[in-house]
Amino acid sequence: MDFSFSDDQIMFQEAVRDLLANECPPEVVRSAWENDTGRTDSLWGALAEMGVVGMTAPESAGGLGMDETDLVLLLEEAGRAALPEPLLEHTAVGIPTLAEAGGAIAEAWLEQAVAGEATLGAGTDGGYAVGAATSDLVLLIGDEIRAVPVAGASLVEHQSVDWSRRLFEVDGEAAVLDADPALAFDRAAGAAAAQCVGVAQHLLDATVEYVAQRYQFGKPVGSYQAVKHHLANAALKIEFARPAARHAAWCIAASDPYRSRDVSLAKALASDAVDLAARTALQCHGAIGYTFEYDLHLWMKRGWALSAAWGDAAWHRNRIAAALGI
Amino acid sequence: MDFSFSDDQIMFQEAVRDLLANECPPEVVRSAWENDTGRTDSLWGALAEMGVVGMTAPESAGGLGMDETDLVLLLEEAGRAALPEPLLEHTAVGIPTLAEAGGAIAEAWLEQAVAGEATLGAGTDGGYAVGAATSDLVLLIGDEIRAVPVAGASLVEHQSVDWSRRLFEVDGEAAVLDADPALAFDRAAGAAAAQCVGVAQHLLDATVEYVAQRYQFGKPVGSYQAVKHHLANAALKIEFARPAARHAAWCIAASDPYRSRDVSLAKALASDAVDLAARTALQCHGAIGYTFEYDLHLWMKRGWALSAAWGDAAWHRNRIAAALGI
Amino acid sequence: MDLSFTPAEEEFRDEARTWLAENVPAEPLASMDTPDGFEEHRAWEHILFDAGWAVVSWPERYGGREASLVEWLIFEEEYWASGAPGRVSSNGVSLLAPTIFDFGTPEQQDRFLRPMARGDEIWAQGWSEPDAGSDLAGIKTKAQRDGEHFVIEGQKTWCSRGAFADWFFCLVRTDPDSERHAGLSYLLVPADTEGLEARAIGRLDGEPGFAELFFDGARVHERYLLGGEGEGWAVAMATTGSERGLNLRAPGRFMAAAERLVGLYEELADSGSPDLDRRDQVVSAWMEAQAYRWQTYATEARLRGGAPIGSEASFMKVLWSELDVELHATALRLLGRDGERADSSWMDGYVFALSGPIYAGTNEIQRNIISERVLGLPRR
Amino acid sequence: MDLSFTPAEEEFRDEARTWLAENVPAEPLASMDTPDGFEEHRAWEHILFDAGWAVVSWPERYGGREASLVEWLIFEEEYWASGAPGRVSSNGVSLLAPTIFDFGTPEQQDRFLRPMARGDEIWAQGWSEPDAGSDLAGIKTKAQRDGEHFVIEGQKTWCSRGAFADWFFCLVRTDPDSERHAGLSYLLVPADTEGLEARAIGRLDGEPGFAELFFDGARVHERYLLGGEGEGWAVAMATTGSERGLNLRAPGRFMAAAERLVGLYEELADSGSPDLDRRDQVVSAWMEAQAYRWQTYATEARLRGGAPIGSEASFMKVLWSELDVELHATALRLLGRDGERADSSWMDGYVFALSGPIYAGTNEIQRNIISERVLGLPRR
């Protein structure tokens, strides 16, 4: 039993954090809100160059042969930066699922995807696939996994409250993958949990910073006990969601028999954490946080969306109940 | 639409409040915790003398011909004083139910009950009747109302966390009353709601008083914003439960078609209010509130018991859901 | 205590219900925080006014029908249940008008109330400043006497509806040497005053729901001073009372929203989507709306008995604002994967609701008021 | 990161589980807060000690088996899952022993640790005073030097297990002119000292779960001074760290309680009683216990990496104490009309749990610590 990360894992995390701090400031996130694609000009390329995009593929396919325990810290960073790129769909779900499926479809797509030359999307069958229009192949996860090439598919777009998340209903000719849909779903839910933790952490950090310097009634807002306790409560939720999310990543990587139950544990806790962090952040900011010009809402809305995506907290609590036999 | 009480109603309330303030201090409640009956020596007699005990009977039967809108304020006072007497079972449920049933059983019991010479108990069929051993006739409310004379009945006693509430399983020869069991149940639940409001109010008042004079870290405990907001939250719950409980009393008195739904509204809100008031009172008192010698726990435990009795908050929310058709 | 509605009250309810059924627009209007939507909502106010429903509790001479408080609550229940549009004139009608009734001169009353009620003049509040949000006593905007005029310099912010409003009611510092609560005055300022610029601020959803006001030598005649010079704090506090009290958010609004939530649950349950576990949240929201209803009618009786609506108004502010957030959050959760969609009235409602616990005194301040002024806990 | 247990850890778990299955009393012991129950629990401590399970993480010379922190956590999981009795020696073992290890002289360590571990000497804490609850710096009990002795005058309160304990570890003021944190010393006091009287205080359930201590010229030899004279605050704070940290309430305790709650739900659901709506509360409690488990193992890795267990311990205190209350409250709600019965282990557990958010620094203070020391918010 060892929760510590290796030096290599920490270094990889720091490298991605530095990249995002420099290349993914709020202006860049905003550009993805406003442009045609919902994505950035150069970040996906930069991540591909660092090996992040294809890291979950075996080395034989050009990847880094890394697993969810390596990826989880990067997903937290992606959340923290509100990165508008398909790290969840492509790297956490698409590549390992294609690699698992093998055969002709992996032959056709895997190396390109690892190199960042083709983008993989993912969504639920009957639901939405985020960013399908900028993907080349979309995996629709249901009772089976159907892979739909975007060229020739029909896409119906809906607007998300997070304008960088372009929601698509996808329909088209599909190949059924020889891969476990439950595992693919858990990869997505686990990755969403890690991102929720990162989003929540940013919301907390940004609010702590704001309330320490904002004065009302002659004192910093952050010196009022009510504000302190709001923030302590948000910190509590994050403190306990983070290890659960990391544990879920390990469960996926290690094929733990309780994987689905413990992914649900992580996603339910992380959804609740980011929901509370968003409410708290807004309330402690006051009116400034309620404006479009101020950056806070970029994370709030990412948090709302990720909290609901891939099963919200109540959905996952139900799945846990089933696993507990009640 | 008029929520105001008449001068007579207010005067009656004040008279009962004065009586209980003088005759039902915590020492008297404690005596009921420790003695054989769970009741006091003289309070029931005093209440009978004031006309309270039989107030809900028609004047023809020696009562005051009053209804639930007259009684509700007195039930709040009973809760506020943690009165260990069967105002709920006898006055709120037993008498009006017997009066409704009429016939031989009313003939046999009603006048005595109104005069306070016989005591009526009430409980759920298959559940407990509080204080059955000190009652003469117990009404068991289920799909029908069965009236069991205590003489000759078998009683099995269980201990409540509130030692003045003696819980009995009652079995014995019964007469089935010609009265509506749903109405009788609502009378009980509505009365419990009003008592919960009274208990909660006392818990809040006692805590406000304590924290205003208890110092920690050089300031009154009640000057800390965390403590203030705890108490404000308890006050909020009470503020909104009280009108709902009074409205429920009116619904019973006026045979409102939404009676059951709105009694459930009252009981669910009042149960939640007293639960929160009890938690808050204990937490704001700290260790002193956790002792047997200090009086706070008399109300806390009455609150726990009443919150669970006659359907707890979740049970009543389910009943509302059914009434809403969902 | 008689909680049945009188025959007159029932008749009033029927009349309102019938009129609304016949007149409420079939299609929702565009958002009132867009230029077109603002004018659509103004036109709806004209219709309400002309039929006598704009300000039911006001005197007839200003367009009301002198309805009782109970009748007003009934009207609000019917209004929101009918699905009628939001009230673009509410800042003026709810927040400013009570102050004009209490502190305005007869001339001011005649000048302002009727156009306000009809939506001919739509008002926005200019109280907050960048460094004075909940702490209004920190106001810095100055208005210096110059003969019969005040000359205003400074900045206001978070003025809801301010991007399109015709008039602003402002709190300004007329005594430059004063501090905190002293030396403030209450000024009514036409939006087209020279030296006043209103710049829209994007709300959470991107719409220009607020404005910032920049005053650079804006001249306002003293006839637009409401209450005495330097007495703005007392005048404003009267308005704050009504902002938090009965006038701002009647229970009918939340009862209607709760009924819609119940309907949403029913609809989704029929199509097999949602889980029974969430039913409890739906019921809780419905219950809170009902609790607010009965608490409001109980408050009405207290007021009629002569009690003031004082700090108890804080109870109502906390309840309705937190209920509104919870109710809409529950709806979004019920919607599952559709919960993140921007094009739903529930998301619009959620975004709107989120401002509730912040504005008109944050809920943290309301809880301070409850604990200090209602419960009597020590201030420090 | 490897979250599987090593073969050695699995072997340790198996050994503990096997021993517990064979040795845990079939019938629950009487309450440890009654005279008979106290001695029954003491006897159980002897059995644990003699089999090497009383203090698994301690050095062998004091009766431990030098288990790692992970192994200790595993032991706790197995211990509570087995339904074994509460630990009557926990105040000494969890709160005092870490301080003796850090600050005790070799003589003190040899004198105290083994009898403490075996339950031969059971300890109670004498820190709080009637006017110094959470605010320990307000301590007034005085201990005046008289040659090799200290002479103690004053009063302590809320001493859990104090009615039957053999020894007390006390915080007293040895410098009479000192204020707040200065001038305190940490003294170990035998219960049979002349001039010391322990009077039982009835806990919420009526059992004598606490005592008050009255010191009237009680003489204690200086060899019972732990740490330097006047350095009691620093010494005590080290103990407070462990009181809130890993040592006090291991996740295993709550995991076991959560499993019992799941079992209760299952049992009642089979008999048709409870409602599906309450299932969510059961699952939430189970989830919190799991979350606490993973957070604790994550903390173990941080500690092994050399990080101190500092203010983060406040996270754990808040979580386990509020979880414990919620978990038992949920059980009582599941029990419906039986929820008010005094003769259920769930009611006992609820009453016990209610003390959690109060003692060892109220949860309000813990949230202050989180916000000020972890998040870095301004103190005032």
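Order of writing sets the chain letters: A, B, C and D. Residues in each chain are counted from 1.
We take it that contacts are C-beta pairs under 8 Å (C-beta built on N, C-alpha and C of every residue); 3 or more make two chains touch, one makes a residue touch a chain.
Computed from a prediction, not measured in an experiment: that's the story for all the values here.
A comparison of the B-C and B-D interfaces places the larger number of contacting C-beta pairs at B-C. Across the assembly, the mean Cα position most removed from that of chain B is the one of A. Note: centroid distance chain A to chain B, computed from Cα atoms, is 52 Å. Rounded to a whole number, the gap between the C-alpha centres of chain B and chain D is 38 angstrom.
Within chain B, the positions touching two or more other chains are listed as 224-227, 229, 314, 317-318.
Residues of chain D in contact with two or more other chains: 277, 279-280, 364, 367. Interface residues of chain A facing chain B in the complex, by the touch rule stated above, are 224-226, 229. Chain D meets chain A in the complex at residues 1-6, 9, 70, 262, 265-266, 269, 279-280, 282-284, 286-288, 290-292, 294-295, 297-298, 300-302, 304-305, 312, 315, 318-319, 364, 367-368, 370-372, 374-380. For chain C in complex with chain D, the residues that touch the partner chain are 276-277, 279-280. By the touch criterion given at the top, residues 124, 127-128, 158-163, 165, 167, 215-217, 224, 226-227, 279, 282-283, 286-287, 290-293, 297, 304-305, 308-309, 312, 314-315, 317-318 of chain A touch chain C in their complex.
Residues of chain B touching chain C in their complex: 1-6, 9, 69, 204, 208, 211-212, 219-220, 222-223, 225, 227-229, 231-233, 235-236, 239-244, 246-247, 250-251, 254, 262, 265, 268-269, 314, 317-318, 320-321, 324-326.
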